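Going in written order, the chains are labelled A, B and C, and every chain counts its residues from 1.
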Amino acid sequence: MDPVFIVEDLGLSLGGTEILKGLSFTVNPGERIAFLGPSGAGKTSLLRVLAGNHQPSSGHVHTLGICLSELKPAGIRRVRSQMGFVHQDLALVPNLRVLQNVLAGRLGRLKALAALRSLLWPNKEQTHRVFELLEELGIGDKLYERTLSLSGGEQQRVALARALYQDPRALLADEPVSAVDPARSRDLIRLMSKVAEDRKLPLLVSLHNPELAREFFPRLVGLRQGSIVFDLPKEQVTDDHLEALYRIPSKASFPADQRA
Amino acid sequence: MTATDRPQSEPDRLRFNEERIRLLHKSRPQNRAVQVSGGLFVCMALFSLWHLDLQWGRLFADPSEPGLFRFLNQDIRPHVTRQPDWTWADLGTWLLTLLRDYGLRATWGTLLLATAAMGLAGFGGLLLAPLAARTLTVPDPYMGLQNGRRSLLSSAVRSLCLAMRALPEYVLGFLLLALLSGSTWPAVLALALHNAGILGRLFGDSLEDVPVTPMRGLAAGGARPSGLLLFGGAPQAFSRWLAYIFYRFETCVREATVLGMLGVISIGYYAKEMRSRQFYDELFVLVLLGALLVLLADALSGWLRSRLRQG
Amino acid sequence: MTQPPKATPRFKRRYALVLLAALGLLAAYGLNLHWKGLLPRGEGFVLWKRFFSAALSPAFNYESTSVPAGTPPFLLVVFRSVLRTLEFAVASMGLALVGGLILGVLSSHSFWDSALGQGRQGTKLRNRLRIFFRTIAALLRSVHELLWAILFLAAIGQTTSAGLLALTLPFTGILAKLFSEMLDEAANEPSAALEGLGCHPGVALLVGRLPIAWPDMAAYGFYRFECALRSSAVLGFFGFQTMGYHLELSYNSLHYREVWTLLYALLFTVWGLERWSGILRRSAVR
């Protein structure tokens, strides 16, 4: 099977600051990867590039066999609509119902008018699909609740449901558990891994917590100051690797051959 | 609901889900008041549009007949430009004469009217505010012992504020016109009363919303309500009061452009006169002057408020 | 405002109050206002007494004994004038809400920053268009309803459409300004996320931004509805058959008890609206 993402020498500058430099890696279908690293390491930006939200400043990103930088806006929108993205702040519309927030996941596939119609008067089939998704995530009976009235954990499941409803080719999540307590974040990451595994979707998650990453992700990628520090199967990631990742910056730089 | 009592076969499962969705949909949270109000408003609007029996004919009438086209083409055109051989200098002279004869005086009068009324309204608001603040008028204010206790005095003062702002300024001014025979008082007082009603309530609200910790400190030290007001409430609410005054000032100027029709030398006064004389070109210039004044007041108030927010 | 009072008084703000008071006094001086003008003099006193004692006994029938045959009963006239006042207010608000929403979206940053958001070309043009619509809104609202009324009366004569336009245009401008501010202040993330998953920018605005701003917009719209009611009543002073018309008529014929009936009817209508908005507010909080 073809890789889902091929990243070659990716660089990204936003507003004059260099955020990512010289990243190269490949993501195969069904692979689950956790991106680790301190704040400001470029995890969020990397995910956003993969989702088609930022254009790379240098290098190439091939998504599903298509080179992102060669695409016109319409093509980029098509790529975006195939990437399920769970945002750090969830980015749900608080006073819409859960059903509508999940339905919003498909808006990218539809023409403007059809999109509005599906939101205001969803047909039976759409409602059923959303309901079954929510059931799978354990919040089926919240279908018609206002999103505002749900708990934090439930809202995260809604955001996940929205991403899954997109019928994505990959699932990306940016710090999905930064705002919940440890027990709940474990549940959520477990759930995410399970749904990704069931669907054979690649799952790319940025995380702060190395323990969670080691527990659920076979492959860990460490980022620091916009570069890859290590990219290893979890068994090979040692405490030294992690310590190096979170250490206060020093003059010593990391040898490039440490990458797998 | 556990996984075991879920039907296994596909058609069964679909029917089962359908039933559950139906039940969830039936018990979905709904805001009846909003729905009914929205529906009612739309029905009322449609009924009104029909019942008002609108005649649009004159709006699109031929330029040869009285109507909007003729009005825009002829009536509001400065009369000096209706001669075949007019020059820009003629137009300038006409405009300057208009401004010198009454235009500037009208603008100035409008500004004076708004400012005087605002001064009075601010004063009235300051008097009403402490009485309208429910946290101050209960026994033992701000100590938090009688949460939810109602203050009869505040309710009464709030009702008074409501009554003051319920009547339109123009109606108030009109009623006062005969009672305060022929002076500028009716317009000023009408504007001041209406705004004092609004400010009294807004000032009172902001007195209720100030942080209570310093107030508790003062109250624990045995301060009387007047002390709480002067050393706790007023200093904390003060910048919000100023913001409200600036905000009302801009609406006040807008309202002052028409209150002059009740006999104060101002834009409305001359607008009414030009209308009755059918000098529509001069009327139009007055309307523009009024718009300019309102936009300036708007900008000034916006600038002052943004300065205030910055501290 | 959220900080405790400072030990050192803020002289700037203290002076602001003094300055405002001085400005008010100067303006009063400029207008030749004297407190003696507030007191009734001579026969004025009789007038005051008549006017205010009439408040206790509002009229239920015409005060004049020589009403021509066939005149509808007074209370019916009052009812009709209330109805007409409401009609003007509701119809103009209905139109202004639609117009204000459209103009508000067109003069908001969030629309122009997203709608054609791809690429950097046309930034200047988009900015100009936004300013153009903002200026229209500003011009519409800077002219008072009654001045619009005078203009339309002169242009298209004493028709209900003149009254309706006079109310609709300024309210459209006011609502447009507020609506555009509320749209721009609404949280960014949901609509950005929708665009992020390939959604049409216009849909992202409608689905991701408008619902968030909606409660504020509805609340403000309702407050404006109250203002529309007052303005509609005042339109009566310019020949439209709203409450102001009958107020002027009764007042000028010195029929003060009729005046008070009309005033009570107006107050009652405003109070009814206030109750309605109170019910809505409480239901929204729940």
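Just so we're on the same page, a contact is a pair of C-beta atoms (placed from the backbone, for glycine too) under 8 Å apart; a residue touches a chain by one contact, two chains touch by 3 or more.
Note that the structure is predicted; figures quoted are calculated from it, not measured.
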Remaining touching clusters (ignoring chain B, no chains moved): one piece
Chain at maximum distance from chain C, centres defined as averaged CA atoms: A
Between chain A and chain B, centroid-to-centroid distance (C-alpha), Å: 48
Separation of chain B from chain C, taking each centre as the mean of its C-alpha atoms, in whole Å: 6
Chain C residues within the chain B interface of the complex: 1-2, 4-5, 13, 16-17, 20-21, 23-28, 30-33, 37-38, 40-41, 44, 47-48, 51, 86-88, 90-91, 93-95, 138-139, 141-147, 150-151, 153-157, 159-161, 164, 218, 230-231, 233-234, 237, 244, 247-248, 251, 259, 263, 266-267, 270-271, 274, 276, 279-280, 282-284
Contacting residues of chain A [partner chain C, same complex]: 48, 51-53, 73, 76-85, 87, 89, 91-96, 100, 104-105, 107-109, 111-112, 115-116, 119, 166
Residues on chain B engaged by chain C in the complex (per definition of touch): 31-34, 37, 41-42, 44-49, 51-56, 58-59, 61, 66-68, 71-72, 75, 109, 111-116, 118-120, 122-123, 162-163, 166-168, 170-171, 174-175, 178-181, 183-185, 188-189, 210-211, 213-214, 231-232, 235-240, 242, 245, 254-255, 257-258, 261, 264, 268, 271-272, 275, 278, 280, 283-284, 287, 290-292, 294-295, 298
Complex contacts: residues of chain A adjacent to chain B: 97, 124, 127-128, 131-132, 140-141, 143-146, 149
Contact footprint of chain A on chain C as seen in their complex: 118-119, 189-190, 192-194, 196-200, 202-204, 206-208, 211-212, 214-215
